[in-house]
Amino acid sequence: MAINPTLLRIRLPALAIFLQIAMIILFGVFIRYDENADPILSTEHNLTGDRIIQNEFYFRYPSFQDVHVMIFIGFGFLMTFLKRYGFSSVGFNFMLAAFGIQWATLMQGWFEHLDSDGKIRVGVINMINADFCTASVLIAFGAVLGKTSPVQMLFMAIIQVTLFAVNEFIILHPLHCNDAGGSMTIHTFGCYFGLAVSRVLYRPGLKDGHSKNGSVYHSDLFAMIGTLYLWMYWPSFNSAISVTGTDQHRAAINTYYALTACVLASVAMSSLLDKRGRLDMVHIQNATLAGGVAMGTSGEMMITAYGALIVGFVTGIVSTLGFKYLSPFMASKLKIQDTCGIHNLHGMPGIIGGITGAITAATAPTSGTYGERLTETFSVLTKQPERLLGGFQMAGTLVAIAMGIVGGTIVGFILKLPIWDYPEDEECYEDEHYWEVPESDEESAPAVSPQPQPKHNNEQDFNMTIENAKAAA
Amino acid sequence: MAINPTLLRIRLPALAIFLQIAMIILFGVFIRYDENADPILSTEHNLTGDRIIQNEFYFRYPSFQDVHVMIFIGFGFLMTFLKRYGFSSVGFNFMLAAFGIQWATLMQGWFEHLDSDGKIRVGVINMINADFCTASVLIAFGAVLGKTSPVQMLFMAIIQVTLFAVNEFIILHPLHCNDAGGSMTIHTFGCYFGLAVSRVLYRPGLKDGHSKNGSVYHSDLFAMIGTLYLWMYWPSFNSAISVTGTDQHRAAINTYYALTACVLASVAMSSLLDKRGRLDMVHIQNATLAGGVAMGTSGEMMITAYGALIVGFVTGIVSTLGFKYLSPFMASKLKIQDTCGIHNLHGMPGIIGGITGAITAATAPTSGTYGERLTETFSVLTKQPERLLGGFQMAGTLVAIAMGIVGGTIVGFILKLPIWDYPEDEECYEDEHYWEVPESDEESAPAVSPQPQPKHNNEQDFNMTIENAKAAA
Amino acid sequence: MAINPTLLRIRLPALAIFLQIAMIILFGVFIRYDENADPILSTEHNLTGDRIIQNEFYFRYPSFQDVHVMIFIGFGFLMTFLKRYGFSSVGFNFMLAAFGIQWATLMQGWFEHLDSDGKIRVGVINMINADFCTASVLIAFGAVLGKTSPVQMLFMAIIQVTLFAVNEFIILHPLHCNDAGGSMTIHTFGCYFGLAVSRVLYRPGLKDGHSKNGSVYHSDLFAMIGTLYLWMYWPSFNSAISVTGTDQHRAAINTYYALTACVLASVAMSSLLDKRGRLDMVHIQNATLAGGVAMGTSGEMMITAYGALIVGFVTGIVSTLGFKYLSPFMASKLKIQDTCGIHNLHGMPGIIGGITGAITAATAPTSGTYGERLTETFSVLTKQPERLLGGFQMAGTLVAIAMGIVGGTIVGFILKLPIWDYPEDEECYEDEHYWEVPESDEESAPAVSPQPQPKHNNEQDFNMTIENAKAAA
């Protein structure tokens, strides 16, 4: 059904308040500070005096803040490219991430950080991981952008965070994969979850496009703010939870170089694919980032700087081709409408990242390049020295795809039940259903002429003046 | 009197140059590097070799940079929501902060950091504190935004920084309060100072609104850049000068979670308060931040993560209600015109922060949760183990309110003297009195049609064309 | 010749792909991880266990990220002030920097970081240095902004990075200068290189201006994002590669204060130079930054905080005067068309920075303020205790100017050969030759009236409606 203001006014506040109160209660029961934040535990762990600098905070907080900017400014502004959906893009991104962080802290805590006393002990690592989980939600958000109501999105986020934690647990524990930057757990899972939802919610009425599903000049510049923050801080994203020291450092270096190669590849392909050789902002805003996604698994490994360049280069090409050819194909043939093209930015690059990670991991034990520290990067080898790392890494990618598709399909069908109010086709991609939208820019452009002028509301006064002209004539 | 270009051209440069030369002289007499920046002192303090990492710089510089972004991008862009006052918002914010930093370094130095030889020794801590003091100036700026001249604002900043240092000294020294994130010293003081100025400068002519006191579509997106940077970096703000180690870490964690709850509360209330359930950008831009303000005192304490969520949740509700009901009431009944709604973002949340801090501090000595490190967080207990922490914390909030109101009232009356030139009512909220404003966006929108078109200045050519139509007829 | 879409479509992809493949091969041959990123080397260097915190990564990565933001957001958005060249400003900036980083890693590696085995070992220091070199390219880009094709710019970047490495080597090695923030190597060199190119490519057709060489209201706000990020993070820029500890700390402090003085100076001069006392956005966007440039050499030295204020103050005045008087003179008399006014922001301030550094260095050995650590800041003194530091510092500035002018002139003449396609005068400063530009903002402004309205394309429908009016009459 169409957006119903009365329902919106009941459901959105009710759901938000219910969720927040639930979070408060669950936090009260489960969440405590970890040894880096709790004064008594920190004394027990000898994190006092000169050893205060050994507090995890000083190793990871700067990276955390970079990741935090990626979540709120990066994802938020990347999606402001739509001409009339900027408030929703940045505003719902804000709302979803703020809820996602809390719920992820609990879900990840129950699966990963539960202490023997049944408490979840949190510190900067949990903050990073909660932001990571939220990234996955925001990726899926990109597929349905403009086509779902905020209540639907919040529901999606509840389920997706839950499944994220399950999926992440399987990949990190039974499978013992490495995935510090989340090629599998964040990007691949998030993308296929979002695409599955979008597939089920297919809108035939939008198959020939929509007048508001596009950008204007300044909205594309706002989106570039999002792009650049994602691009610049991706080295922090991929290194934020790596083992401290060389692993963390290496993840930053590899991601840094991979992304530079990805930019040149995207520029080259974008120009090549246009008849007049012109660049397409969609490619520059998105495909340039694919190299960061693809470094999510192997970034911390000894992939070498030139290996990183190759991955970034290939991914940039694949991603740009995806925007040009695969997305239209998916929309018309597979009935998958992907507003932001997340399959090109997160899906294929995530899989490339998973494969790259599998290959790099497979060759790690015999490469000799890790020396004695091999078991630091691949901690599973301390228990199973003969582990076939590559195979399990590949399995991780497959699990992520499967979990994403199954979970997203289920959520899609739930969102199709006749209990939701969501936008009709013609209401899509339009802020004014959810926001009090101010007057447009043009009507209040600063006057530059010194003398005061009578104000014209172009469209309304216009007809009046024409009437006058006719009358006078 | 109205803005007088001749006076503006004399007074603004004269004041700025005078202040800058005064700063240079005072810096020359008083400012020296501290042991973390001076080579000889650092050797004496054994900050060499492997102990270089113990330099305060490495504990606090990343947080300093986050705070710095909050001051210039955060406050600056938050205020660009006004449709024709973007240059002034971001430009005068820049000017005030740049002066405020210098003057605050001196004032806070004289009160807090004066060495036995009469010199102020500066390092990263002083930089953070100077930025903090400046935040207070920018908060007050928000109340008078659009209604005062740059010369008046510079004068306001001179006095406010001075009083800030006095107020901070009272709160931190005789009262020995904890207030690392400045709920009292920065937010409460800054807000009531600004409101008092605005009250004295009450403009009856604006009581029914002003056509330029509002936003347009893209100005609201610019403002969201400010909002998000404030929101994301607030954990750094509240932890930047805490005791290193667990206190600093805890302040970041608590602020992080408090802010997420605040977003959901603001979204819920904003929708609930609108007849059609739509969100109001004013709430999303401002009320979402109130949780950070409210964590300014208790953030570093053992308030627990769920305590932080509760505070964030309550503050978000209070702040949104404030924008909806209290601000109009204050404008119409109390004659306090508060352009940015600082009372809802800094005033009430600051007081909530002060109260929260008082309660948390009051229960600290008996809570047992600090262990042996209780006296690190509450250093006054080393001298007075029986100190009633809560009462003194509450006293701090009252001092901040009183100092703000008294100081702001005095400044307001000074600004009412007939020696100033300031904007008439109709000149308010308009850049072009202070800035060379370029042509408006619409007139130079990129042409999309392939063939060249004659340019129309809509408003001027319009009448001409109508004339032609009539003539032809 | 004019822009040729066919050539653009061949040359831009071909060059980008060729360069990227070349980079991959060269990285494969030469680039390895350094001891802070390689597991085996780090064990040899004892960077394990509690000493992991001694990894260079933790001393410099936060500063690196700040520098990285300056390069991509700072320089990129600073140049979006042009009304119709925003995509190119931020997009070509992105492309040039992404290539520049890779090529700079190699060039600087061959000159500075080559190991005995012929490999370049990279870590966070190399990332910072590569970003620094790129800054120099982007400075030169500012002089020719809007007047060259992307293929020309990529060629410029190839040569400039090469010469940068040579110039830097001369200044840092035979001359043994200090220049941690690059007043000489980055700003002076980059500026005179760009001006020389622009001089050779002088366009008489633009001597009376160009309708698109100017800003609109919102493009000036976008540019302020660039300005503020450059301004805020400049302390990180000037301290990023200083000796760790007090030197790094001092560089941040000095730059911080110098920049505040520069803001007041720029505001004062901007108002003073306008007949109506109004501020000019060009000055606020640019001259406020000049103090950071001028602290590039002496920032890490014992220049004192008040010395920094003086330098910032003077540089702000000089820079603003330059925009007002020198740039028009250079354009009309010297035939140097400098789109962004880089001579005022990087040229003169760079020279001031060089001179300031020379004076500060000259007085260092006898000042007594460095104590035993004099030879840490000026490492050349360990070998040549009697070295005349000031003279060699001055020589460094002269070398930078000379290398810039000679190199830029040669590149300019190459770019004048009839093999390039570049924009005709009337094609300058216009995105649509290189980008698929979406419809303009005005045409899709959100409707605020509740009832649906027929859409008018003002310019086209207008004439039709007039026709109707006449017909009806």
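The chains carry the letters A, B and C, assigned in the order they are written, with residues numbered from 1 in each.
Just so we're on the same page, a residue touches a chain if its C-beta (ideal position, glycine included) is under 8 Å from a C-beta of that chain, and two chains touch if they have at least 3 such contacts.
Source: prediction; values computed, not measured.
K.L.:
To test your reading of the model: what rotation angle superimposes subunit A on subunit B by C-alpha positions, in degrees to the nearest 5?
P.N.:
120
K.L.:
Could you check if the interface between copies subunit A and subunit C is built from the same residues on both sides, meaning over half shared, or from different ones?
P.N.:
Different: fewer than half of the residue numbers at the subunit A-subunit C interface appear in both copies.
K.L.:
Between subunit A and subunit C, what distance separates the C-alpha centroids? Give it in angstrom.
P.N.:
Going by mean C-alpha positions, subunit A sits 30 Å from subunit C.
K.L.:
Return the residues of subunit B touching two or more other chains; collapse runs of consecutive numbers into ranges.
P.N.:
Counting only residues that touch two or more other chains, subunit B contributes 53, 58, 62, 217-218, 225, 432, 437-443, 445-446, 458, 466, 469, 473.
K.L.:
Using the touch definition from the top, list the residues of subunit C that touch subunit A in their complex.
P.N.:
These residues of subunit C touch subunit A: 5-10, 12-14, 16-17, 19-21, 23-25, 27-28, 31-33, 36-40, 42-43, 47-48, 50, 52-53, 55-58, 61-62, 65, 68-69, 72-73, 76-77, 80, 86-87, 90-91, 94-95, 98-99, 101-102, 105, 122-124, 127, 150, 217-218, 222, 225, 432-448, 453, 456, 458, 465-466, 468-470, 472-473.
K.L.:
Show me the residue ranges of subunit C that touch subunit B in the complex, using the header's touch definition.
P.N.:
Result: residues 51, 53-54, 58-59, 62-63, 66, 83-84, 212, 214-221, 224-225, 228-229, 231-233, 235-236, 244-250, 252-253, 256-257, 259-261, 263-265, 267-269, 271-272, 274-281, 284, 288, 302, 304-306, 309-310, 313, 369-374, 376-377, 430-432, 437-443, 445-446, 458-459, 462, 466, 469-470, 473 of subunit C touch subunit B.
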